[in-house]
Amino acid sequence: DASDGKVKIGILNDQSGVYADFGGKSSYEAALMAVEDFGGKVLGVPVEVVTADHQNKPDIASNIARQWYDTEQVDSIMELTTSSVALAVQAISKEKKKIDIVTGAATTELTGKQCSPYGFHWAYDTHSLAVGTGGALVKQGGDSWFFLTADYAFGYSLEENTANYVKENGGSVVGAVRHPLATTDFSSFLLQAQSSGAKVIGLANAGLDTSNAIKQAAEFGIVQGGQRLAALLFTLAEVHGLGLEAAQGLTLTEGFYWNRDEESAKFGKRFMERTGKMPNMVHAGTYSAVLQYLKAIEKAGTDDADAVSKELHALPIDDIFAKNGTVAPNGRMIHDMYLLEVKKPDESKEPWDYFKVLATIPGKDAFIDPAKSGCDLVKS
Amino acid sequence: MTATMPLQNGAPRVVLSARGLRRDFGGFTAVKDVDLDVHHARVHALIGPNGAGKTTVFNLLTKFLQPTHGTITLLGEDITNTAPDKVARMGLVRSFQISAVFPHLTVLDNVRVALQRPNNLATQFWKPLSALEALNAKADQLIRSVGLEKERNAIAADLSYGRKRVLEIATTLALDPKVLLLDEPMAGMGHEDVGMVAEIIREVARERAVLMVEHNLSVVATLCHHVTVLQRGEILAEGDYAAVSEDPRVRTAYMGTEEA
Amino acid sequence: MKPLLKVSGLNAWYGESHILHGVDMTVGEGEMVTLLGRNGVGKTTTLRAIMGIVRERKGEISFAGEDLIRVPLHRVAHRGLGFIPEERGIFSTLSVYENLLLPPAVARGGMTMDEIFELFPNLYERRNSQGTKLSGGEQQMLAIARILRTGVRMMLLDEPTEGLAPVIVQRIGEVLKKLKERGMTVLIVEQNFRFASKVADRFYLMDHGRVAGEFPVSELSQRMDMLHDVLGV
Amino acid sequence: MTMIFGIPLQAFLGQLLIGLINGSFYALLSLGLAIIFGLLRVINFAHGAQYMLGAFAAWMLLSHFGIGYWPALILAPLLVGLLGAAMERTMLRRLYSLDPLYGLLFTFGLALTVEGTFRYLYGASGQPYATPALLVGGTNLGFMFLPIYRGWVIVFSLAVCLGTWLVIEKTKLGSYLRAATENPVLVQSFGINVPFLLTLTYGLGAALAALAGVLAAPIYQVSPLMGSNIIIIVFAVVVVGGMGSIMGAIITGYMLGVAEGLTKVFYPEASNIVIFVIMAIVLLLRPAGLFGRDA
Amino acid sequence: MTLTLELEKQKERSPVVAQTIFLGAGLALLLLAPLFFYPVFLMKLLCFALFACAFNLLLGYTGLLSFGHAAFFGGAAYFTAHVVKEWGVPPELGILAGVAGAALLGAIIGFFAIRRQGIYFAMITLALAQMFYFFCLQAEFTHGEDGIQSVPRGHLLGFIDLSQSTNMYYFVLAVFVISIAVIWRIINSPFGMILKSIRENETRAISLGYSVANYKLAAFVMSAALTGLAGGLKAIVFQFATLTDVGWQMSGEVILMTLLGGIGTLIGPLFGAGLVVTLQNYLATSEFPVTIITGLVFMACVLLFRRGIVGEFYNSRLGRKLGFEYRHKH
């Protein structure tokens, strides 16, 4: 049974910085919804959710994580937007033998070299984004690529992964240009991309960089000129910020789309009522992670991390987020991803009706084969 | 070179000299072809109308400004391309037209700061402040010599203008310079201070070279052995005071018709 | 003579240091009065307090019958007072001409530019050069000329001869005499006693932030002893 | 094909033009910064925030009141300018008598507050702002496709920069401003209301930043972060140009925009540091900046 | 005009006694603190306090406002983390590597920055630190936005297990106390006297024969090295080094800590750091957005209490009675 009379979940993410829209306070709301949907109690004890803003600072995050674990009886920490934070908190969780489930960060390190028996990676990762956009898009005819890559590790790995899939699927990469992080003006780079004649311009960057690149691509008439834009890390939240006028025709990959089916639409509307916006994969993923965690506790009959972890690894996932999800030995939750295209303004029938689903990428293709992940928990 | 000269203290010899000194500011030439020799044990006055280039000459000699043309020799060494702090270490020290003390240090500390460098007590960041007490005897002697002993522990900023000028002279002397450049040391001073400073200058000049800018002609007349008159950056006249003050060009350009 | 400026019980402070301890003086219309005193007795401070540049002050300053204490600094000039600071305050980013035109006219009856250039031919010659490129004496002329244009009734002049070559000092003396003929009222602070004695009608002697004595130019020779005590002349 | 530095002339010209567009923003922003610094001796760290406020003001005018781009081009700078003036009146003013570093620290705090507030209210991903109908589309210049709006940015910013320069160098108001920079108390004693002049100047500087913000809105995402990204670069521009020189700030702005643009072609990885590198070189060779007078 | 605020002057005997008692009490408090507070939190506080004190060595005592100190702090964290994790050197050597790296970086940035004064100095340090930030972002060894993670704490001198929080805490405390003593010595030394006089009147110092640039550079490098000590310690305490420590926001934060505690006071930054770190921790779980509050605190500080907490205390009646003095000069 539960060790201290209650089960406590911490949602730790960026609520005031650059990723505040990506996950932010709404992730906390998603967690609350999951607890309510589960009935508010597990093993007869109440479930409590606490939240904190790590301000994108790993030291603040790890301070909070330690304090939560040591003095506030928190049993698990989830969300953990941004990789430096996720890796730091996963290390602490491992040391303290507590569960962490990452939905907000992208790095495959979490289930690679730095994997943990108590750590789970739920919604997406750089690899799955690359497979979705890079692999699936080639099959849709986008077979020559030009990359606009943010000039730092995250950008490189997105570019590299994607380029591999483009090539594996018979496409070619005709060029790439690296732009500094937080570039405001992309016109120089876009001109180069335009003159390369590539069918697809891959945006291996994130956040405001991607938004600005897309907006300026529209200005320079790139999509009208017949080229296709593919954003490698972009979600519903950012499309909403950009507006359909500028974003139309953009291709991207997400692990969730609210208008995917009836069930997800129902969840989306409920979420909308509480937060004023539709969920993206981070929000839905957090919902799913909390729900699954509670299911695992119930199954294990205790909130002890070892037992719960065992159940989390064993139980299949079936909820509004993932249909036939499973958890690999390295902690990776394997589920389907979706290749999406942003609708034109006149195709959109209701608010937040933004995407057409171009393809579904099966989980086993989307994520790294656990045996090749570099995680030493996987017995080869 | 100086070391080999078998000259006694007190005998005049050239210690600082400039040849063909020139300085342009944009299109404007502030100092033009100035030749200057400053002698040991002599007080040399540099006078001239406002804007003649006197302060600029000082800035050039002390290397606070780089000359456009010309060479400067100090104690036989060419210092045309030497940095100002190095020049000061070689023994050429100046005062400023606008008084220059360390305003929030005490009089004693002001003098000790000047003494620290020649006594190799400037870079020791591991020693306590009390190490500086070794300088007190020398400092007090300097303070006494300019009559500041009552103000020894006063904050420099609280001194009157004239006292600040005197303090500046004390810190300058602390370096035991071979050549002293004084820019209007008596400007804005009350009458009794003027007398005292004149006395100090006369005293120090026994064993040093002094070059000074001064508008107070009675001081120039009584104190200076040699006068150079500058006008529009060029030397107009040179010689002892009597000779220079007779020169009609100097009278129209600088002194005016009445006796000052 | 009708008093134009009347100062009584003027105290002034810089932060915590109390500089003026009750200055009393009057300057009549058209009079030229000189304020003598050693370094640091508060002469400059007196002028600055009258003008309102030093705001920490107490006492009465009446100018043409109006109390100036409550008048904000930028209105004082409009009452007819012009101030020429010790350091002259020529603007280096303005040409001589622009420097001249800078202060707004506060009353009719100021000099025209032609009159000014007639009085100071040097300035006309150099009207297009940068203000601070002028020699010290020319800068002093410019500072005086600048105020004459505005039509002020009274000028406060702080050490107009400091650091100037003797020949220039002479010239400024001549200019002041001309101004006097035109009826300008002037309060001058001066260290150069010889110069002061040539231009002034009357003297105030300051010591320790107070007026220590007063006498007309005619009594000058009788007062030499006192001057010697206070000034060390 | 004609080649220049190993790339086609056409591409070169295109990049040159694009550099000029970026330079327009640098010039506008550094102009305002230089004016405020010149007169108030305050390094306006909030300049980026005011730029952002300009863009947001335009966006809010459109989304809340249906007021379009053209009126916003006047209204937004006016609003931000007034806000700046009010801030100067009530707070910044108290710092003039202190070390200028306090002005820097105060405006730094101000920038954090304003930016934080907007991030709190509107999130970080930004808001869309459409190009005004009149300026939609582009022309083919032969060597590149130039969006009409970008052409407008160059022309308009040049006009504003030159206009501001003329006002400051050639008018009575300008000579008051310049004189007050040197010796505010004296100018005040001449009967000029210097405190009002200071308020006006700060307002003007803020308004210029806001104007740049409105110009930027249709090109960049209207985001709370847009200001903090650009402000540090603009600081470097001002150091290179020499603080307090109005023309210097303008020319350097355009020049560095072009330098940065060309770096994006030859060595894109360095394009964000090229300005800092230029700054370091200028500091070595001409410590006072390209157009600065020695302090 | 320089940013000149200053304390320190013990005139009579009795205040010295009172101050010693104060210091002793403070030290005792720090020694006992782990009994009441969370050790990692305390260590973080000490790291930032040391950072702020090192920064204050430059601002408070030479009047140079650096807006780029994050480069030394974060840079040292990276250097330490890298050598400890990848090369397996012991923690004390790792920290020394951080210090050396920061000092080198300080020499390079300082070389450019000391060419200008005042605000220019601030802007140049800001720009150069920003260059270093981009370097860290792109360099291979920093692992981009993942940062260097899971740095082992190792054994101090081969036998003190630092993974024990208490051991780690007392190690950090010892380093902190020694560093403060070092800073105190630097300020109150013949060298410190020259720094002071340069701040007062630079031209005059040159004319007295001091190579002002060298003195400034030396002070800058010392400050950078001590900052590096704080950064290296922090990397060992938290076991990671990431980009947040090199960003310009961090430079802003350290200024805030110093300002809040009292510029030019020896222990002010300790209080400033304590307040800022506590505030950030507290706000993390509250509704208030951190940046807004930080910004407001900044503005309030500049407008209302420029002397900072400790400065205000020194200036209060009690403070003066104890013989403290806080001079605010323009």
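Residue numbering begins at 1 within each chain, and the chains themselves are lettered A, B, C, D and E in the order written.
Keep in mind that, in the parts below, a residue touches a chain if its C-beta (ideal position, glycine included) is under 8 Å from a C-beta of that chain, and two chains touch if they have at least 3 such contacts.
Owing to the predicted nature of the structure, the values given are computational and were not obtained by experimental measurement.
Graph distance from chain A to chain B, where chains that touch are one step apart, equals 2. Listed by label, the chains touching chain B and chain C alike form an empty list.
Of all the chains, the one whose CA centre sits at the greatest distance from that of chain B is A. With D-E and C-D as the two chain pairs, more C-beta contacts join D-E. At the far end from chain C, in terms of centres built from Cα atoms, lies A. Centroids built from CA atoms put chain E at 42 Å from chain B.
Separating the CA-averaged centres of chain A and chain D is a span of 37 Å.
Centre-to-centre separation of chain C and chain E, using mean CA positions: 52 Å.
For chain B, the set of residues touching two or more other chains is empty. In chain E, the residues that reach two or more other chains under the touch definition are 4, 134, 138, 289-291.
Among the residues of chain C, none is found touching two or more other chains. Contacting chain pairs in the structure are A-D, A-E, B-C, B-E, C-D, D-E. Remark: chain D residues 37, 43, 91, 94-95, 97-102, 104-106, 108-117, 119-120, 232, 235-236, 238-239, 243, 269, 272-273, 276-277, 279-280, 283-284, 287, 295 touch chain E in the complex.
Across the interface of their complex, chain C is touched by residues 28, 48-52, 160-162, 184, 187-193, 215, 217, 252-258, 260 of chain B.
Residues 4, 6, 185-186, 188-194, 196-197, 200-201, 203-212, 218, 222, 327, 329 of chain E are the ones that touch chain B when the two sit in their complex. Taken together, the chain C residues at the contact with chain D in this complex read 51-53, 73-78, 83, 85, 89, 91-94, 98, 101-104, 106, 150.
On the chain C side of its complex with chain B, the touching residues are 38-40, 133-138, 159, 162-170, 191, 231-233.
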